[in-house]
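Read from first to last, the chains carry the letters A, B, C, D and E; within each, the first residue is number 1.
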Amino acid sequence: MGLIENAERPNFILTTIDTLLRWGRSHSLWWCNAGSACCSLEFAAMGGARYDMDRIGSGLVRASPRQSDVLLIPGPITKKMAPIFVRVYNQMPDPKWVIAMGSCAISGGAFRESYSMTRGADTVLPVDVYVPGCPVRPEALFYGLLKLRARVRGTSNIGLAHREPIYVPPDLPPEWEAEVREFLGEHEAC
Amino acid sequence: MIEDHPRVGRLQKDAVTESIVLNMGPQHPSMHGVFHMQLELSGETILAARPVIGYLHRGIEKLAEHRTYAQCMVLVDRLDYISQYCNEWAYCRAIERLARIEVPERAEWLRTMYAELVRVTSHLMWFGSVGLDLGGWTPVIYAFIPRERIFDFFEATTGSRLMPNYLRFGGVKEDVDPAEMEALHAYLAKDLIDALDEFDGLVTGNEIFLSRQRGLAPMTVDQAHAWGVTGPMLRACGSTRDLRIDTPYGVYDRLDWESCTDTRGDALARYSVRMREMRESAKMALQCIERMPAGEVRTKVARVLRPPEGEVYVRHESTRGELGFHIVSDGSPKPYRFRVRSPAFMNVSSLPHLCAGAKISEFFAIFGGIDNVMAEIDR
Amino acid sequence: MNARIFLTQLLGALGLIVILGFNVIIMDWWERKLVGHIHRRPGPMHTGWHGILQPFADMLKMLSKEDIVPDRADRLFFWLGPAVAVVPAFMALAVLPLAPGFALADIGNGLFFVFAMQTIMPFGYTLIGWSGHNKWSLVGALRSAAQLISYEIPMLIVALGILLAAGSARLTDIVNAQSTVWYAVKQPIGLLIFFITAVAEMNRSPFDMPEAESELVAGIHTEYAGMKFGLVMMAEYTAMLVGSWMIVLLFLGGWHLWPLPPSPVWLVLKLYLVQSGIIWLRGTYLRLRVDTMMEMSWKYLIPASLANLMLVGVLATTFKGF
Amino acid sequence: MTVDLEAVAAAHSGRVDREGLDPAIVVPRETWRQLAQALSEAGVWFSDLTCVDRGETVEVVAQVCASASEQITLKTVLPNRDLTVDSLWPVWPGMDWLEREAYDMFGVSFVGHPDLTRILMFDGFEGYPLRKSFLLETEEKAS
Amino acid sequence: MFGQGLLKGLSVTGRRMLGKTECDMYPYRKRVLPPKSRIFLSMRATPDGKALCNACLTCQQGCPDNVIRIEQDPEDRKRAVSFRVNSGRCTFCGICEENCPRHALTFTQDFERATFDKGTLTYALIADGTATGACVIVERTEPEHPASAEGGEDVG
């Protein structure tokens, strides 16, 4: 919504539209599940009957990143998996958020010193919500989702400079530079 | 172009239409975690399949060499994160055999009960993923309800739903409070059996399910031995190998149960073996709760264990097959070599042979029957 | 004079758009609520009373999403695909009567007009699948083309049976012919075949091979983001509305509920009952394999529908009031 | 169906090492595949294959099962400078992934293996992680 | 008969469709979690703000992921000046709670700790000598039962 993001002064029409859009976005956050390890079981349990994330509108786990808003990282990011997470994040349409779930995604957790692990999701992706736990209880992830919802509803988008289309991780580890560059090549800004 | 390779399957040289290579990539809705499958398709038929693993390789075997034996228990929980007590028990048996530690009677009963309960939850998770792979959203949600109830018991007695860190060398951490046992006994006796009957009604008898599973990817016992396949997949082809009977440990020889086998060897046989195993495990857990003797649950072991120098290899019947722990110790408090024989690693290595020539949708029916856990395959 | 006709037709068309939008909103909420209750969980609860505002939230979110067109996608067909899928379903609504004679264009051969529109839909789905330049959607597109075309034939043959029994292709006449005894009672096999083929036409489970989430990532609409995906969902719900509306008109006696006076309320009630049944199928069944699905149509449904047509022909000639 | 360890070991110029918890047949590198072939014909199936880095030598350890309850360990010792041994893939096709993992983690190259590439680590990774000489970041900082 | 399995499946979901739901309604009804559940590492302290920890460093050395960082009081070795826990790295295995000779460490059931910035995941249980708010106030001073109170060198 370029109109709202590039507006300088908020006026009456834009604020009402902006409030409406924020309400809509916060009530319909669809997941993109990168399903990596133990925490993805607790995420599946959260979709189950007892905790049921569909109550707040985010029950749809969209298979394709194109139709999802929140990228969940439920487990460790290994160096072999990192470029794929970056590619999935880049494929998601723009108002998108990332939830780092569990100690492995926050700081590498029990496998911090391993040779094949990145030290947490924020070395690879811009993370919005950190949910501690190992594994994270479904209620704790639900609380993380509620906090993200409150933030999405709270932050106004007026004057928010449009984010650059392609996310390139800051210190690109040498071993998977080719992968992301090859992906960047085929996906010019649109 | 996947080169013409005996291990991968015949390549139709005369395929007129150009075949496309489809990357069922690490991030895929029904890929049970991060499993990457390169399929070469002509139309919908799979010509050749090449699994690529290692996306969840956290180097557990290297990290274990820098931790004491008690701290390795934390890593062992995260190997096969769906059946944790089996991993812990196998690891404890290996160290107890290496350091010659005695385990009291009640601890053996407790360990058997927990292992069978976790087998039920693991097969429930598998049942849910089979339904999800074949396009049904309901089985996974129904399977999670009894699973949550058993997780409540785990959390109340051991402190965590999924990562208990409950077993210790020479027994278990602490005793189980009887009120929780009674509540679980009542649940297992009636509600779990009703839930399992409901699953049979929903999926097992369903003609659509049967048409998709019957006669799919058959496997003979010799093929299974050649590929190293163990566990329910092997028992589905007619072999009676079950480590709980062949090398009795815990109290399996004192419970009355029988190992579930099938002779057809196809995807439907693997499904029915696991569904019957769930009922057997529930029956065993019930008997454990009823016949568990009172007594001590833990022998006194030095807090920093220094097992004598030597090597041990213990085989354990985990939910997916033969889980092996090969520990080499050099007398220091840290293991010298910590090797885990992962059953799912061998079962998945048989996947290219099973699905060569199948259709895309058949591939998912086969893949659902293998019940793999990426954390155990990649370690 | 024709200005007045034009105005009424325009108002009618706007009315249809309202019906279409209203149905998408109702169905989006009702489907998540019903599938939720099948799963023993409450479904949308906290966006408005029992989640009634959930469809509005989804639409607002999809409106404000970045509209991604993949780099090597075919831009024209990428934009055109959902349109070609929605417009035929929308045009078919013009012929479906809500009350006796109350249809935007109650033309003589309304029955065949609906089936003509339904033959265009496979082009829409194939275009959606093909234009995204994505291997998954390509496989989904081929599947949807095969499925939609091969399930239209038994549908048409069963509709011929209805035509034989009712004597006219005008939908209002067909419904009025069922004022006392519905065709569901007279032609039960026809209803069964028509229901199966209608579910297959809507790409709904157990025939949802084109957008098989668990296999083909998201099937034909893998590359669609934002409002284009919303348009594809609208196409799906509209196709579902047309399919179940046809079932109600042809077999369940439209606005007739025998002892009670006929009124459009019965039609809407039956319509949403049939749609709930279709959602019930989605909550219960697994997906068919592609070749069993094709085999089912060519080997079982077409012969069965021909037998049904012959049976109806024999009965219609022997008994006058049949 | 118990296998007479001494006879098999003697046939392949190996010895039976009994002082550990389990009996193990230790054979030189040359008769590794013949030993596996002989056991395979006797109806033995394999369970696992791994390596143990003993500093200046690397032991290749195979666990095989003579019957459902009886399990034997086969060992061969390779000098550190040239880690090559015959592949057991022709005898037991399932060894394929196990040997790829041993190559990936230890650098032991198996002669006759169809597709000896890295299985767990990404292709651009240098070094063999499970060797004692491969240090983790924390150790490099410490040492 | 062919359709028998299909109808049975419909009857199962039909019964469930009309039955009641199994939901906990999490934000509106919070379930009481069992006392043994390891969710939030906390410390027992007396009402006057003195934590039971006597800075024996058993937990710090026993922890596999060095989550706990203790600074001892330079002059009185038995008192901890600061006790910081990095819950972003903790795997909640319970080894520290089990090894603590004075049973000072305990786990509470407060799971609502998702944050936007990683810094708040590292919290202090003892700040400049006194127990912080994250501690659990208990009445007694000496450990519950005469646990094996040997010192910190024999670390599990």
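Simple rule for what comes next: a contact is a pair of C-beta atoms (placed from the backbone, for glycine too) under 8 Å apart; a residue touches a chain by one contact, two chains touch by 3 or more.
All figures in this text were calculated on a predicted structure; none of them were measured in a lab.
Trainee: What is the touch distance from chain A to chain E, in steps?
Mentor: Minimum number of steps from chain A to chain E: 1.
Trainee: Using the contact definition stated above, find the chains touching both chain A and chain D.
Mentor: Chains that touch both chain A and chain D, as defined above, are B.
Trainee: Just tell me the minimum hop count from chain C to chain D, counting one hop per pair of touching chains.
Mentor: Shortest path length, in steps: 2.
Trainee: Select, from C-E and B-E, the pair of chains that is joined by more C-beta pairs in contact.
Mentor: Of C-E and B-E, it is B-E that has more C-beta pairs in contact.
Trainee: What chain is most central when centres are computed from CA atoms?
Mentor: So the chain sitting closest to the middle is B.
Trainee: Taking each chain's centre as the mean of its C-alpha atoms, give the chain farthest from chain B.
Mentor: Between chain B and the rest, the longest centre separation is with C.
Trainee: Just grab the chain with the largest centre-to-centre distance to chain A, centres being mean Cα coordinates.
Mentor: D
Trainee: From the mean C-alpha coordinate of chain A to that of chain C, what's the distance rounded to whole Å?
Mentor: Chain centroid spacing, chain A to chain C, equals 35 Å.
Trainee: Could you state the distance in Å from the CA-based centre of chain B to that of chain C?
Mentor: Here the centre of chain C sits 43 Å away from the centre of chain B.
Trainee: Any idea how many Å lie between the Cα centroids of chain B and chain D?
Mentor: 25
Trainee: Where in chain A do residues touch two or more of the other chains?
Mentor: 48-50, 52, 55, 63, 80, 110, 113-116, 134, 137
Trainee: What parts of chain D, by residue number, touch at least two of the other chains?
Mentor: 120-122, 129, 134, 136, 138
Trainee: Tell me, which residues of chain E touch at least two other chains?
Mentor: Residues 6, 9, 12-13, 16, 21-23, 25, 64, 91-92.
Trainee: According to the definition already given, which pairs of chains are in contact?
Mentor: A-B, A-C, A-D, A-E, B-C, B-D, B-E, C-E
Trainee: Show me the residue ranges of chain C that touch chain A in the complex, using the header's touch definition.
Mentor: 32, 36, 39-47, 51, 53-54, 56-61, 63-72, 213-214, 217-218, 221-226, 229
Trainee: Spell out the residues on chain E that touch chain C in their complex, using ranges where they run on.
Mentor: 6, 9-10, 12-14, 16-23, 25
Trainee: Mind pulling up the chain B residues that touch chain A in the complex?
Mentor: Answer in residue numbers: 25-29, 31-34, 54-60, 62-63, 66, 74-75, 78, 81-82, 125, 128, 140-141, 144-145, 147-148, 161-163, 374-375.
Trainee: For a test of understanding, state which residues of chain E touch chain B in their complex under the given definition.
Mentor: Going through chain E, the ones touching chain B are 2-6, 8-9, 11-13, 16, 22, 33-34, 36-38, 62, 64, 91-95, 98-99, 107, 154-156.
Trainee: So in the complex, the part of chain E that touches chain A is made up of which residues?
Mentor: Checking each residue of chain E against chain A gives 21-27, 30-31, 39, 64-65, 86-92, 111-118, 121.
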